[in-house]
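Here subunit A shows up in two complexes: once beside subunit B, once beside subunit C.
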Partner chain A sequence: MSTRRRTFLGLTAAALAAPALVRAQGAAKVVVVGGGFGGATCARFLKRFAPALAVTLVERQKTYTACPFSNEVIAGLRPLERQQFGYDGLARSGVTVATTAATAVDPAARTVMLADGTRLAYDRLVVAPGIDFDWTALPGYDEKAAERLPHAWKAGAQTLLLRRQLEAMRDGGLVVIAVPAPPYRCPPAPYERASQIAWYLKNSKPRSKVLVLDAKDSFSQQPLFRRAWSDLYPDLIEWVPLSQGGNVTSVDPATLTLETDFDSHKADVANVIPPQKAGALARLAGVADRTGWCPVEPTAFESTLQPGIHVLGDAALAGAMPKAASSANAQGKACAAAIADRLAGRPPQAPRLVSGCYTLAAPDYGFSLVGVYRPDKGELREVPGAGGASPLDSDPVLRAQEARYAEGWFRATTGEIFG
Partner chain B sequence: MRRRLAAALAASLLFAGTARAADAPPGAWSCTGCHALSSAPSVPPNPIPALTGRPAVEIAGIMREFKSRGRPATVMGRIALGFSDAEIDAIAEWLARQDH
Partner chain C sequence: MANVLINAPKTARRGETIELKALILHPMETGFRPGANGTIIPRNIIQDFTASWNGVEIFRMRMSPAIAANPYVSFCAVASESGVVRLRWSGDNGFAVEESVTVTVT
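Right, the complex of A and B next:
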């Protein structure tokens, strides 16, 4: 069949399906709650794929502060402003931006209540609420304690707090990073953070040390990190796995002491990454299960608990895909395509998603983990033979190239979403 | 009759945009997470090359080289292995038609 003929038939089918999209009361409505990598991507691409849709993005903050590269802010290598993006680009693309919180969801009536009293009706709801911390999971660690022992796991004020504490620390001080058991946002990020803090200490406070207390026995790209640490920061970083007493069982904010099964560690600066669950909106919408996360089907990321509601990004249980910005970006596009197809009366096609997570162990020392995913037996699985981590034996030129590409990815992705 | 035709055409035009999601083969929009799809001067400089202005056969050829490890790569060798030759051709043809 010629391209022209296919296009003609496509247009005819779309025209016949018009009643599904443009209805008596106006254009079909999609509400997206949460303006991070997943939600903002989805809103932007809904307008790209189906310009006739009425798309509203509900987001509390006027400015988004991105997590990828925020470890470089902690190291003093990057101003926080480079992590920050507004929503003007989305508004220019035709998305209605509502700067307020969503306070309730009625899946039966298909409405979202906003803090300003507005009730938004939807044909499809997309929630991308990111993560919340489980403040009950670690004795001694609550929201107040986080002002003393920052988590810096949502970028912004907490990132700057940890930076200031490192700047104020004496040379010869001990920085402790407490890492939770999975699942948590961005699996390699605690180890990138250890590397970045070590970079700062090596250059500014070389008698200091980083101690990583881990609630697990292995971690993402472990051989690459171990190689980077021995290449760049010999004797500066110590990693204590679960089986050697790495699990932090309680913290004392008054004395900056972290208790483990075997030991007690008094820190000069303590970065506690607490256990996590899907953002609060997931529970309001009834899309989180007993694990605290949101099960979804693998084509449109529609909740398996609430038909008509889609879940993206860190909050979702997206099969083999890691909780990472690039995963959320890929999911946002796939979800937008599937929603546009469904509202136009077309069956969505099975997506192929790519995630790519870059790590910077130093400004010119990068490596990556990529994955290619597709729906297979009801969940997203990796395409066999594809993906994986950077080679362990790699020359400095390639590590420097990956560091440049990491910045290139950040620029391209944030430009595509917010530009 | 003329009015009905005009209405049908208007509906078709209205939905011309929706054809773009279905039009892109699976995985095609993954490229743009890193590679610009625009040659507009407003696109900021990036060490990752843009994918505009390249014929489909060139893009597909490069992807096959990545796949066979015949071309030095950082991430592209690992990504190309996730696509069949037919999928690569479809994405390359779609990419060659884009310049936003």
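Right, the complex of A and C next:
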């Protein structure tokens, strides 16, 4: 017994004496939980930046269903299969893929418990929890109600449900989209969705209408959307901002009625985007604060609540960066680089992160917004003048080109992560 | 664009507590913010909101620069008799808006 203990202590002392050396020799373990744009990118790039690292990606599902472009699935322009990706590419790149759920995190012992009973030790843990819905925030709207009034804000079965409801709707029907107050996943997506649904209605059910009930008074890329709506869907989309009574205060699933402070709207199809918070994994790992989201430092995305745990993507409070797939992708790379540097004993470099957001108002009508971000006074701030948006006045050729660039971005990014 | 939104029940039972909601479009400029040219934008706020039921004041609210743009007010009242509920907003630069709704009490 005493011999074994002495041996153990000896090993510990050696490890403490030269941690960087031991890790550089390939002993370091990084566990990534959550295989979306943030987590899967990070796992892949950890192996690229530091091939000797032991990287494990823990993800419940065998197949990932991506949100970007899922509004086109709702419009009937794209099969859901094109949104779906497996993890074989990550496995081929040397990442150990564990298809199971994380059930507990012990930050002191630096271990993650998995649903299959395995206990994984880590030197660095990366969590990419995505979002959960706050089912208590909107009276009348719970998980059961979401089967009647789909949110379609996590791509998959909900996306197809909303598609089927639109297909079944009569011509002349009213589609209501309820938009929450920020923060929520992908700021311009509700308005892209309104556009895509309008495209379907214009071509298949032209007497119908889209009503957007909004809990705020302005939104991302608003002038470009307003231009697109007047170009493509005059009189088809009506947007009701907060100051015009747009805030939805309750829903009645039985009658498909949405109540605002000043009005009541009976929908034929209702798409309710509920208020959101970081995914359950964030609370499991103890990295979410009272806001429901996860504060991080801006260089390595390390949690300010739990040292040694990094938080990526929609769940993180990433300063000026929007909650978007492109942001998560950029953060995954920056975090991977910072972890590789730290485990090799190199000082982490302050990253520049680029987040680009393409919107398709119609199959051949695209526009974009690009932001560049850097750590500045303790948080991620936008670099002035570095990004940009599509011009408001533009010819159809440019809009059609941007629609193709959007598809190019999706293929390149998903290929880089999952290919 | 409506300047004022009001939500009050058209009918109520005698003695019933009813909720009245009102929203008015107004910038509620604080008087503390510099404009594009660096000079302070003059204060422009609503200072008073009152509601009266058949001429009797039932609710009064004093607003300050900390109140957000487009102030939204919700309050309750006991429906005692049929009549007109008059809502009045007044503030800087002679701002004055009055709207009324009728509530029938049975």
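Following the convention adopted for this analysis, the second predicted complex is superposed on the first by the 394 of 419 C-alpha atoms of A that agree within 3 Å, B and C clash if a C-alpha of one lies under 4 Å from a C-alpha of the other, contacts with A are read in each partner's own complex, and residues count from 1 in each chain.
Rule of thumb we're sticking to: contacts are C-beta pairs under 8 Å (C-beta built on N, C-alpha and C of every residue); 3 or more make two chains touch, one makes a residue touch a chain.
Everything quoted here is computed from the prediction, not taken from an experiment.
After the match on subunit A, would you call subunit B and subunit C a fit or a clash?
fit
Report for A:Phe49: first if it touches subunit B alone, second if subunit C alone, otherwise both or neither.
Touch status of A:Phe49: first partner only.
Between subunit B and subunit C, point out the one touching more subunit A residues.
Counting contacted residues of subunit A, the larger count belongs to B.
Touch check for A:Glu192: first (subunit B), second (subunit C), both, or neither?
Neither partner.
In the superposed arrangement, which partner chain does A:Arg411 touch: subunit B (first), subunit C (second), both, or neither?
first
Quick one: classify A:Phe262 as touching subunit B (first), subunit C (second), both or neither.
second
Check the residue A:Ser243 against both partner chains and state whether it touches subunit B (first), subunit C (second), both, or neither.
Touch status of A:Ser243: second partner only.
Check the residue A:Glu302 against both partner chains and state whether it touches subunit B (first), subunit C (second), both, or neither.
neither
By the touch definition at the top of the document, which applies to A:Asp314: first (subunit B), second (subunit C), both, or neither?
neither
Just subunit B (first), just subunit C (second), both, or neither: which does A:Pro351 touch?
first
Rounded to the nearest angstrom, what is the minimum C-alpha distance from subunit B to subunit C in the superposition?
Scanning every C-alpha pair, the shortest subunit B to subunit C distance is 24 Å.
For subunit A, which residues belong to both interfaces, subunit B and subunit C?
none
Spell out the part of subunit A that touches subunit B in their complex, as residue ranges.
Subunit A residues touching subunit B: 7, 10-12, 14-15, 17-18, 21-22, 45, 48-52, 326, 329-330, 333, 336-337, 340-341, 344, 346, 349-354, 356, 368, 370, 372, 374, 383, 385-388, 390, 398, 401-402, 404-405, 407-409, 411-413, 415-416.
Quick check: in the complex, which residue numbers of subunit C touch subunit A?
1-2, 5-7, 21, 23, 25, 69-70, 72, 74
For subunit B, which residues are in contact with subunit A within the complex?
Answer in residue numbers: 8, 11-12, 14-24, 26-27, 29-30, 32-36, 43-44, 46-48, 74-75, 78-83, 87.
Quick check: in the complex, which residue numbers of subunit A touch subunit C?
217, 242-245, 261-263
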